[in-house]
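Below you'll find the structures, each written out as structure tokens.
Okay, so chain A shows up in both of these, paired with chain B first and chain C after.
Moving on to the complex of A and B:
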């Protein structure tokens, strides 16, 4: 409390009372009304029965764990379907994240330490342009690319690599490629910001002392890049696990993303309570996973977004 | 160049491959926008046409969604940027102990899945609406209002990140000097800090607008029964695709590229002017090239070229070519039917069974069947126009079994 009062007087002294009021009101409204209270409301609703509107607030409106137990046990035995989809979503998100790290690390390094002047600026523009194009259109592009009569199948068949069209969409290849594509920019800039701080003399010194190139990367560059990789990986993982458009457009017909189940409970089944419970599960599981990984790799949340 | 560490040939070829990966899908999509085939594809190439742009503009749902999206985008910028600024200022002045905590709180909305934000927003406001006894036509059940709040919750974090980066380079002694010279704190804020933040405020506004415009995950919940541009686009893609979406991509890419080039021209000009070498530069020696490298002139030039290309492309009449293709297809179909008839006649005595289409495995494996991608029921389509054209010439019609089993 004392710290808050101190903050208030610092801001008021430096920027004036009006600005201090503005900062206080805006941050409070943002944090409380837009972030915290909605999450609490969602959690509250997830603990209730799906009642018709007149009965809400009536005697039947009591707390229940029904929606969570449905996720675990379904209507009888273990709910392998929904749990399986959640696990599959998490695994897929990890795969996409790793894919992005592998793809983006060299580019970030090249951008920070090899490219200069015009080349570097062109690379930055080249990275940003695909990011400006709508999410939906990006997914659409991958559908054109990977469709049965798409370009990849066309080239493969023309070269005689395979004879009948491969169903990349059913095999989720299109989905993984599309998701990895969507978040490359985030990963590149996160790693770039970290790698850029590396003094090039350190690399030179390591080389002079006879380290091989992979050893230089492993022992000199990677430790510097680690916070950037962690920050990028966190964002890519959370965005991939929470993606809805790409799985809807690129997902195979029998293949669901966990967000799609939430969407179905919410919009198709009209069961806000169960949808909220599933959304809470997604949020808690994803955040827990991210914090676990941060603990394992010893990075702090302050590194994100830097 | 760092020896053997991403310098030289390896770096070059890797960068080439990487940008091929980035731009390949976009280039393919651009090409499909000009193919007259009803399904977006490059091969077989049918006719060059610009008709898909017309189809795009005539899509009323998309166009009305566009206006909604623009309005929401402007409103989000107007709220999210000040919120982001407030967050960044609070972070700058807070003590080191609380700083990490506040940073974590303000950064979390980026990490929360958009789906969760959307759901929590509508649940919370319907809760509030019920609390004050509001009816369904009030602001608490208004898609525009809810989308605005849901988007601001996390987009303000983007603004905060951009502004925070700039604010960290601010020299607080400037403000103190102004205060010492007798300015009121408010004056110092308006005259010193805000002008310093101006470029970052501009880019924050730009980023927040883009983020709002292309957001889907949160908006698809909070817009309720309405439509923004992106949600209309998504339901169109899920119901069935046609190259008018590629045409949209062409427009967006063109706008983006023109914007990027103009901004590049602007940056270079600024650098040149700031470095003081403008007088020596050969571009500035010549008045014509001096005028031509001005960002405004670059913009006019690019717009002119684009306009000319669009105009000349729109004059290409694809009807003749399309009629030829149609005729070709009909001939092929007739020939196939003739062959089939012959075969049936040959087989008829031995095997009376006619080949039934359902035994015919679709070459598309149902992957293009519009139903196989969409969830069973669409979210309250408000007078949804039926998809005017079949997504694929085969449309899954060959494959009645391909209505994928939904769990």
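Moving on to the complex of A and C:
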């Protein structure tokens, strides 16, 4: 609280009261109206029965945990279907996140320490351009790319690498590729931000003392990159686990993403209460998973905000 | 051939069209304290990076212990480089920093810690092994960087202006300490600096560099007293430059016709001059002296312009027929010859204390 008051007086002194009031109102609006209130409303809805309109506010409109218990037990036995989808979603999000770390770490390192001038700018533009194309279009483009008669199958068969078309869609290759590709930029910039602060001389010093490239990265670069990797991984994981369009379009026919179940409760079943409960479950499980990972890898929350 | 010898054979280094180092050709004996002295941008750091393996020579060869170092990476050379900003690892403890070269070689954890503690003992920082680097003072970090470099057990220690970030007192203290460490461990030290005081006090040999070219290699006394080029004469220490034309030469002594009258100095490197050749006579401020009676040679009539008190010495700023001169007087000399009341003085110098060099730098050497 003292820190907040300190911040307030610093801004007011340096930029004037008007700016301080604007910042205060904007931050308050952001935190309260856009983050806290909707989640609370969602949480409140998730604890209620799905009643016909006239009964809302009536004697039957009481709090209940049945939407949550439905996720766990369904209509009796353990709800293996929904729990299974959640677990599969989380595993898929972890795989996409790991893919992005592996792809983006070298790119971010090169961008921060080797690329200069035109080459660096071209790399950055190359990373940003995909964001000019909208989500749905991008997903369909990947569908075409990985389809049975798509470019990849075409090239693979023409080179004689495989004889009959591979079903990349059913194997979820298209989905993983599409999601990993979509969030590359977030991961690259997060790692870049962290790695860029590393003094080049430290890399050279380690080299000079006989370290192999592998050890230079393990002992000198990775510890500096860690907060960046953590913040990138958090974003990619959260966004992947919460993605809807990509799994809808690129997912195999037998594969359901947890967000799709939430969507079905809201939209197809018209049961906002249960949908809210499922959305809350996804949020809580994802947050718990992220905090657990941060514990395991010894990253503090402050390091992510840097 | 000693494994600690370093030989540069006609080394040139270019970056595109830019010539960073031009035909450096010299040898450094094992166990020597060798300094490269020059202004910033003269190519000395590039040359050091070339010896450590981060830069490849465009022409010529680098030999360490008689072995050609071409295609030998920095991690495979028997050199250890101490960076200008030290490049200690901020996320590792002091002991881990020092033991890093041992970790690289796969030395066990216990043994590493033992060796780190020994080195901390040597640099007079016992018990600081578990501290983080940022908890140490500038001078302590300096010593940790040296210990880390020594832990690699190199044959050659390369130092890139490691003292430049320290304050004056600490810098002077570290000079003595560096020299002492060098003599104790007996390694070849190759030291880069733009500070002539550092180069002269610590080194066995000094190479003075200017614009990518090594202008002179010699021991500090020779560099200071017998400069071979106008650049060396004016970069190393303070000096007075008096332009003139050659009148005659008798053995090593050359007499110039200058605005101050005929002045005689030593021919640099014993070279022969032609009558009428444009030359410059360099004489150090401490070699100029006030005269009681008008001396037989090199007498200059000068007028006092200003005076500065600098503690142990007093600097007189004089002007003689349009040429500015600088003269140092020890403060203990207060009883010696003094300026006349009107500020005029007769000053002189010994011919063997002055150096005559061609004015055209391309004809020097």
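The criterion applied here is as follows: the second predicted complex is superposed on the first by the 278 of 306 C-alpha atoms of A that agree within 3 Å, B and C clash if a C-alpha of one lies under 4 Å from a C-alpha of the other, contacts with A are read in each partner's own complex, and residues count from 1 in each chain.
The rule is short, and it goes like this: a contact is a pair of C-beta atoms (placed from the backbone, for glycine too) under 8 Å apart; a residue touches a chain by one contact, two chains touch by 3 or more.
What you see is a predicted model, and the numbers here were worked out from it, not measured in a lab.
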| item | value |
| --- | --- |
| Superposed partners chain B and chain C on chain A - clash or fit | fit |
| Chain B versus chain C as contact partner of A:76, first or second or both or neither | neither |
| First (chain B), second (chain C), both or neither touched by A:160 | neither |
| Partner chain in contact with A:52 - chain B first, chain C second, else both or neither | neither |
| First (chain B), second (chain C), both or neither touched by A:204 | both |
| Of chain C and chain B, partner touching more chain A residues | B |
| Which superposed partner A:244 touches (first chain B, second chain C, both, neither) | first |
| Touching partner for A:283 - first (chain B), second (chain C), both, neither | first |
| Touched partner set for A:117, first chain B, second chain C, both or neither | neither |
| First (chain B), second (chain C), both or neither touched by A:224 | second |
| Distance in angstrom between the closest Cα atoms of chain C and chain B, superposition on A | 7 |
| Overlapping contact positions on chain A, where the chain C interface meets the chain B interface | 204, 207 |
| Interface residues, chain B side, partner chain A - complex | 1-7, 11, 14-15, 18-19, 21-26, 28-29, 32, 39-43, 82-83, 86-87, 89-90, 93-95, 97-98, 100, 103-117, 119-121, 123-125, 127, 130, 149, 152-153, 156-157, 161, 172, 175, 179, 184-189, 193, 210, 213-214, 216-217, 220-221, 230, 233-234, 237-238, 241, 245-246, 248-249, 252-253, 256-257, 260, 264, 363-369, 372-377, 379, 402, 404-405, 407 |
| Residues of chain A defined as touching chain B within the complex | 3-4, 6-7, 10-19, 22-23, 26-27, 29-31, 34-35, 37-42, 44-45, 56-57, 81, 103, 106-107, 109-110, 113-115, 121, 123, 125-130, 132-145, 147-151, 154, 164-165, 167, 169-170, 181, 184, 200, 203-204, 207, 213, 216-217, 234-235, 238-239, 241-245, 248-249, 251-254, 256, 259-260, 262-264, 266-268, 272, 275-276, 279-280, 282-283, 286-287, 290, 300-302, 304-305 |
| Parts of chain C lying in touch with chain A, wherever the complex brings them together | 52-54, 73-76, 79-81, 83-85, 87, 89, 91-92, 100-101, 103-105, 148, 152 |
| Residues on chain A engaged by chain C in the complex (per definition of touch) | 199, 201-202, 204-212, 215, 219-220, 223-224 |
